[in-house]
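Next come two complexes built around chain A: one with chain B, the other with chain C.
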Partner chain A sequence: MESSRDISRDAYRAIEDIVGADNITDDPAILDSYAFQWLAELVRPERSHYMPRPWAVVMPLTTEEVVAVTKVCNKYHVKVKPISTGWYHWAAPLKDDEPTVQFDLRRMNRILEIDEKNMYAVVESGVICAQLQAEVMKRGLNINIIGAGCSTSIVASASAYFGGGPSSYFLGSNSDNLLGQEWVTPAGEIVRTGSLSSGCGWFCGEGPGPSARAITRGTLGTRGGLGVFTKCAVKLGPWEGPPVLQPTGKPPAYRLPIPDNFRVYTVGTPSFEALAEIYYEIYDNAIGYIFHRQFNLAGADLAAALWLTYLDPNGTMNDVEARSKDPEVQKISEEARVSFQIILQGRSKEDIELQDRILDEIIRRTGCYKVERFCEADFAEFTNMYLQRMGHKHCNFVWVGGYMGSWMQAGTPDFVKGYVKTAIDGFERDQKSGLLVQCGGDAMMGCGSTLGGGGFFALEQFVSYDPNDNASVDACIKHMEDAITDCKANGIPLGKEYLYLQIGWTDERIWDDLSKMPQQFVLNFQRKIKEAFDPNGLGDRNYPWLPEGWGQQKTIAAGSAAVAGVGKP
Partner chain B sequence: MRLYRIAVTIDAMNPPARPGEAPMGSKKESLVQIVGEENVLDDAGTLEAWSKDESFAPHRRPWFVVRPKDAGQVQALVAWANVTATPLVPVSSGGPHFLGDTVPSVPEAVIVDLSGLNAIRKIDTRNRIAVIEPGVTYTQLDAALAEKGLRIARPLAPRANKSVVASLLERTPTVIPRLNYNLPEPLRTCGVVWGTGEVAFTGEAGYGPKSLEDQWKRGASQVDPKGPNATDLMRIVTGAQGSMGIVIWASVRLDVAPTVHEYTFVPGRTLDELTGFWQKLTRTRLGDEVAVLNAAQLAQLVGRDAAAIEVLKAGLPPFVVVIGLGGAALFPEERVVVARKDLDTIVTGCGLTRVASLPGISPADVAAVFEGCSAEPHWKVRYRGASQQVFFLSKIEKVSGLVATVQAAAEANGIPAGEVGVYVQPQHQGVVQHVELTLPYDPGHARQAARMKAAVEKASRDAMAGGAYFSRPYGEWADMVYAHDADAKLVLRTVKGIVDPKNVMNPGKLCF
Partner chain C sequence: MALEEFRADAMRCTRCTYCRWIPFDLIKSDRFAKGCPSMEAGKFHAYSAGGRLVTALSLMDGRSTVTEKTKDSVFKCTLCGQCDVSCKMCRYDMEPLAAMRELRFDLVENGHTLPQLEPVLESLRTEFNMLGKPADERGDWAKTLKVKDLTKEKAEVVFHAGCRYSFDGDLGPVARLSVKILQEAGVDVGIFGEAEHCCGGRAYGMGYRGDLDNSARHNLRAWKAAGVKTVVTPCSDCFHTFKRLYTAEAGSDIEVIHMVQFVDRLVKEGKLKFTKEVPMTVTYHDPCHLGRQGEDYVPWSGTEKKIFGQAVAYDPPKPRYTGAFGVYEPPRDVLKAIPGLKLVEMERNREAAWCCGAGGGAREAYPEFSAATANERIEEAATTGADAIVSACPWCEQNFGDAVEAGAGALKVFDVMALVGMALGIEEEA
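And then the complex of A and B:
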């Protein structure tokens, strides 16, 4: 790969001819605004906040422009990396020595279709959740907004990333909801999937025959590592609330009035064992519209104080510490220590009343309770606003401007229950350095299900650190490494901190790790897919692969021997 | 120990005979070594039986039928097929087969009859996941689940010997739209012997050790279908007609079985009259079972013989939306009461009427169709001795026009429109409509059969021209579909080249 200074200006001019001079830049100041990425300091030399600077930023308006620019990039051997709305450092170019065009897809922001009868919407990659939600709610429909919030791209979460959020339990994850999609491969070819490729419209994501989406839409998606998803359709779900959300209250603690056919509760449990029990009861009883554990992201020791301060029109961050020592607040902290939020939506008065009865009976059977203060009108309306719209992402950074979400291994309630103690103990241990925010060991939040219908979820540990204090950054990195060690010591699969750290690793180190995975089939599969759809290597390792011969089985006979564990017991 | 012996045998065959040149005798000897003599069949009657099905797929005899008993034998068979360039046709369900996917498209094929891999490996009641082998039938699984108060989302009146795994792999529609969060539901993860002979698990299971038992020890439950990594391997084997590999186990989502369950009906004179209603119904996720049937379809599902079908058909409304109201878990009676009341609000709002029963059809009849397996002979052959199905996916506003298109094609070929069964199954929580038309005929009547073939061909072409999405392209549909879908063909051929580079898995199907 050429260094950026060696790249012919012809490449720049060719792209400029496609998108216009206003939509390409190599101004270092602007390029650095794309390189400036959350979490960068955890992986970059000298704790820099900057990921590698792109060679140029290009803002296409159409799929055709994406195709044309990608073809120029193939000609001049410039990598491509799309960003729609971004979240995490891996949205940026990953290497300093690889000239990369960063596609900024914000101009592709059209809602192309809302098909009310068939309950789907077609959007371009710059359309954000808030934009689409506002439109579909007018039609009595809703979308699943992912945990990263309403300012994120629908296409990104549906086609290229994880796609879970507080409403996934009822509305489906955005993997469940993905219908037809349009993908520009790194080779510059358009590939449409599902019914769209057969010329039958956007309404179905599967087939014909096996589903082409299979090669890109796995657990995490391609994360920008294998071309650009330019459009997709997503399934919509029922919304029985008002056509327009009309918040009340003073900023930032906006409140959303609760209609008669909704209920908003924070439910406390005596332990994580009890949390698992009530989860299974809710799952079996199939109630709930939004199911989420939100407020503990601030840490169980401080969460009550923070949120009550947040709701106090005269409160400031300076009040939190004093408030946390108030015995009344401490009582609420204990009640809410192991808690979650649930919002019920009813089709009718009778339906919501029955769901209420069912929830009350579940609470009674499991020895849980409603957290009284959090169920009062002001807090419930705040909860309703927070979780219906997911517009409070600034709160993720509330303590000192930076956080790293570790753990988040998804599994059954029993599985999650099994790792929580290790996560809490480890965080408490590492907080003793005094370099991480001391908010209690349980700063774990997560959506009630990452699969439509429930049964599978994860808790993410919010490790708040000061990104402008190198000692604090170092402490966060140490905590990440400790979490990996804790996982290995306790037989727990590795969590998100491992994915974050990998961004700073060499290819060889990543491949060495990948080659130790118990099943490498998919990594070899992805190498071959990459060879087929990205022959010039324009994508990056966000679509991971294992080089040929790097720890893989080579012969069928060897494969036969490897099957020993598969047979009947 | 058996696996070791097979690996040695394959090595001993190197260099292998050139493709197609291995003498029959040596092939049989190899197969006998893998699955045992009693599980290698090549008598004329057996081969003849496997050379055809109820579809119009060209007849072609396989060379052998083999019946592996465990996953190791399956893997050894695929390894052997790679060495000898022998086509394998995996089959899990008992007959009759209807879609042509179990009939070899090329010579020298070996049918891999997976009905012997029929263990229910685990029923995880707490997480509502079952892990089953491909030979497990609906009859078998239903009985095991009933003991635990569970059920599985199921297709309409499957035959008793229908493999659950095969049904789900082929994305056969299921009858409870609100549970259908995505089209493959309730299929979750699979263990697969890929066409290369490698074993790899899909979804969440693809991250763990290559042993279910080891995964269970670590607390994994094979729940998440996504993955592993950036790929969704499960979606490569779904809709594949066995062309990518052989599934040796699958995990499936279960649901709490209702303890109160009733069926109710909303009749209509035309599909158009009912379209808005069932759209609202699925949109609000009201009801469990929701399906739209015409009189001919419902009569064929319920009637015991041709005479009974005629009588039933005459008494039924032209179309009916069947709605199952189920009460599961806590307050089951109250759930049904509330659902019924909410249903009535929608029915009234649509200017329709709800009825509690249909002429000549008992509640048990309806329950058998939606919760049980078809009585024998299977409903598809009960009326005229045989039938052909034309099915596809559609947006809701196109359903009635596409149904009319198929009916017109049938009539143009002498098939009375009144005999054509119409079944519309909302899927993906109402986003997708599965439209299926059943065209009965007498297979012993050569002229009728010829006309039926022409009718199916015309109906399929006309429906496709009208926007029908043939997402499961069996038989001749495959050429029609992939001729117009270069993107899907490109991706699928690339994938096939990776997971089955020697094209030993059911060659000749789809676009391979």
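And then the complex of A and C:
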């Protein structure tokens, strides 16, 4: 393979002059460490684990360097693709024939400000959630950590991702928490939003003038956002726990002692109807700090066996297999089959005791129960650690290194319980081949809410496959296609599997599909945004838009996806 | 093992980047959250464990060839194993540290070596030490000792000083004190003096597997001839090499004890009493080879099997090295037993300890990287308010000592055994 595509060395040298020789590379092996991405094998020819190789990787240190490099990219017509931590196939370049500079933003890693009084923090793109959380907790504050875990960038989740996580229930999602932000357009211009745009500081994400959020925001992570997000401010929430987390125990399952003003429970429910009911009751009564259905990521059949093994520092997968056959563990599996985790945080002794009593009453009223084994001290402390820091999210991959999250349609609890059965039946059906991990049809995990205060819900099906086995990869792809079919057949909006698969499609196929979507004025409006901010077409290919002549041009269509006369011109 | 045997590890890496950080649960500040010295130096993802797995895959698949930059990304790493701990927080089917070592072996065996390491390896092959010193000076540290010479006599226990304690005049007292403590405890101990050979562990870390084999063959043969059943060493590199590598690579079944473990045992049994106050606040640095890489080796030979359709397990069950059971408490307990001494912890401790920078050939091949890594640890130690940073490995101590001398801070640097000597009121002359 060639070390770089046929682009003038002048472009490389120009960028090198900006960032320094140590901060740019086109070494093939190093470029491959960026091309290699999770989920790539699901969309790339021959099940390759590599997305297209970047033309070069550059590591800017400042916004000014981002601007300067972007301008060079415009001069030489090289696409720009930023990553912060770089996790997802869509974080890599997307087309083999498009030279792309991958901006690795990990050098932009400063926490610029923590405004304790006004409860916000300003960070650069390379700062991960764990870093910021550790600092704000010292000030009695906390951040929402997204479901993907604390290894992710705060700027990415707040600026580009919707950013829900276990604590979104109380703290709100990061997209809600976004205040001022700084964005470098694909043309190399700096856009500052909200109060920042008037030089008034970071405290507000809106105005003066029209909100810029609709212009800057993508959809999921680097999927969809144009340009490079370089800084942002996020709203912080109250933290009544210790200023520094002091875990105990040995890896992997560290335990976080539960302070007197906290409670940590796993609550079992008799059905998904009851789960929706208890959730409504809990947020109606305004109790709780974290609400999450976490441990089911291992699948309802195996979750108890896995997590009880995980608590043992010597535990192996063979132990999981043995435990899964243990009648006592099977009993726990049944108790925890439709369960969730809840953490209560009290501002005082009286507050926590009141919340505790309310929860007990809700549990009694809804016919739910506490899952005894998971509420014992060792497991509860582990749960506390897991959900407060979200430092074990790579357990998503615990079975065999391949995980594809399907479904994840967000809505009210009643809406979610409506698609659960279809999702479970479909997964159970597709597991029968033995080519996916057979963990039970219900491997649905998700946030109690992506809205502060609750009321919203989403469950994601955790499909595990072996990326080292093409037959297993094929089975996962088939499952994704099946899930799409199941959604369409049951009138359910498409889930994450659709977004994942789209990464492997041609532009024309994507546009053809988007042409059949409702509300096409949105996609035409986004074309205008793209034309204004990305005149040379160097931004992310996944920014959802329709070229002129595609789809409905002038109608603000509502409702039906099946609109006559749409599609390719 | 061959690099190809790590293909599945590479294919199943998800590029999660956990390998760059200490276990997230243990992060207490923004400042000391990072876990990988190599990433701090090299910056690009290829300098992480996950990145190196991709490099291995890329080379195996013929997508790339070895360039100077590739070599830099492979060798500019202390092999401290922090990545291995963090990866295994969530994974049961990956061995990043072993894979990174294998990648080095592969490069070296295919002629992609670092010229900077040649003099060190030459010294190992001709003078049997890693310091470029004449072999016949190796036993000088023990000239004033009355101890069995195992080239002529037999003993149950061999005290293996290791290259640095043998040749570094400042550390000679620690070695002599160690032998005296063993003798006082009634141990049947001897040394090989100038006939002692390097353990070979550092060469192994540099990518030279054959040199470890040579050292292991020599040392194991010599120990057997002398009737040795146990080796005691104050050096964490040697400890790891004997305990893990000799067992894994050469089938050794000899008992291996670090000197701090031995002293800890004596203190707890009441056989060693500290009589002198050592009024000092110290922080303890866990050497990688005593801490997270110091777990017992469990021989295993087996195959991968699939359970639950596609999940990975092993037949028979494969032991896991997660850093959970390294030698963490004995040195701390020894320090805590010293009257007047106060032990304070750095944020990154035990399995999350930041490396000193001396391992994996970094000190020899990349002195600036090695020094920067040491400086980082000295800065962290300084935040504890300690007067001194203490360790149980002469390589750590040398790297820290050099960093302090170069202006990294005002901390003193001690070996645990040096403080033991003070607490016993024994003053060994350098």
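A few points about this structure:
Just so it is clear, the second predicted complex is superposed on the first by the 539 of 569 C-alpha atoms of A that agree within 3 Å, B and C clash if a C-alpha of one lies under 4 Å from a C-alpha of the other, contacts with A are read in each partner's own complex, and residues count from 1 in each chain.
One rule holds for everything that comes next: a residue touches a chain if its C-beta (ideal position, glycine included) is under 8 Å from a C-beta of that chain, and two chains touch if they have at least 3 such contacts.
The model shown is predicted, which means the values in this text are computed figures rather than measured ones.
Model built by superposing both complexes on chain A: chain B and chain C fit together without a clash.
Judged by the touch definition given at the top, the superposed model places A:Ser198 against chain B, while chain C stays out of reach. When the two structures are aligned on the shared chain, A:Phe427 is found in touch with neither chain B nor chain C. Once the two complexes are laid over each other on the shared chain, residue contacts for A:Pro28 go to chain C alone; chain B is not touched. Superposition on the common chain A brings chain B within a closest Cα-Cα distance of 22 Å of chain C.
In the superposition on the C-alpha atoms of chain A, no part of chain A is touched by chain B in one complex and by chain C in the other. Contact residues of chain C toward chain A in the complex are 7-8, 11-18, 21, 23-30, 33, 43-46, 50-51, 54-55, 57-59, 62-67, 69-70, 73, 85, 88-94, 306-314, 316-318, 320, 322-325, 351.
Within the complex, the chain B residues that touch chain A are 3-4, 6-7, 10-11, 70-72, 75-76, 79, 82-83, 119, 126-128, 171, 179, 181-184, 191, 193-194, 196-201, 204, 206-214, 218-221, 223-241, 244, 248, 253, 256, 279, 283-286, 328-331, 334-335, 338, 341-342, 345, 393, 395-397, 428-432, 467-473, 478, 481-482, 484-488, 490-492, 494-495, 497-499, 510-511.
Chain A contributes residues 115, 117-120, 172, 175-176, 179, 190-193, 195, 197-201, 203-223, 225-226, 235, 237-238, 280, 283-286, 347-348, 350-351, 354, 357-358, 361-362, 410-412, 414-415, 418, 450-453, 455-456, 491, 493, 517-519, 521-523, 525-526, 528-529, 532-533, 543-544, 553, 556-557, 559-569 to its touches with chain B in the complex. If you check the complex, the residues on chain A that touch chain C are 1, 22-23, 25, 27-30, 32-34, 36-38, 49-50, 57, 59, 85-87, 104, 106-107, 111, 127-128, 130-132, 134-135, 149-151, 244-245, 247, 250-252, 254, 256, 302, 313-321, 324, 385, 389-403, 431, 433-439, 464-469, 472.
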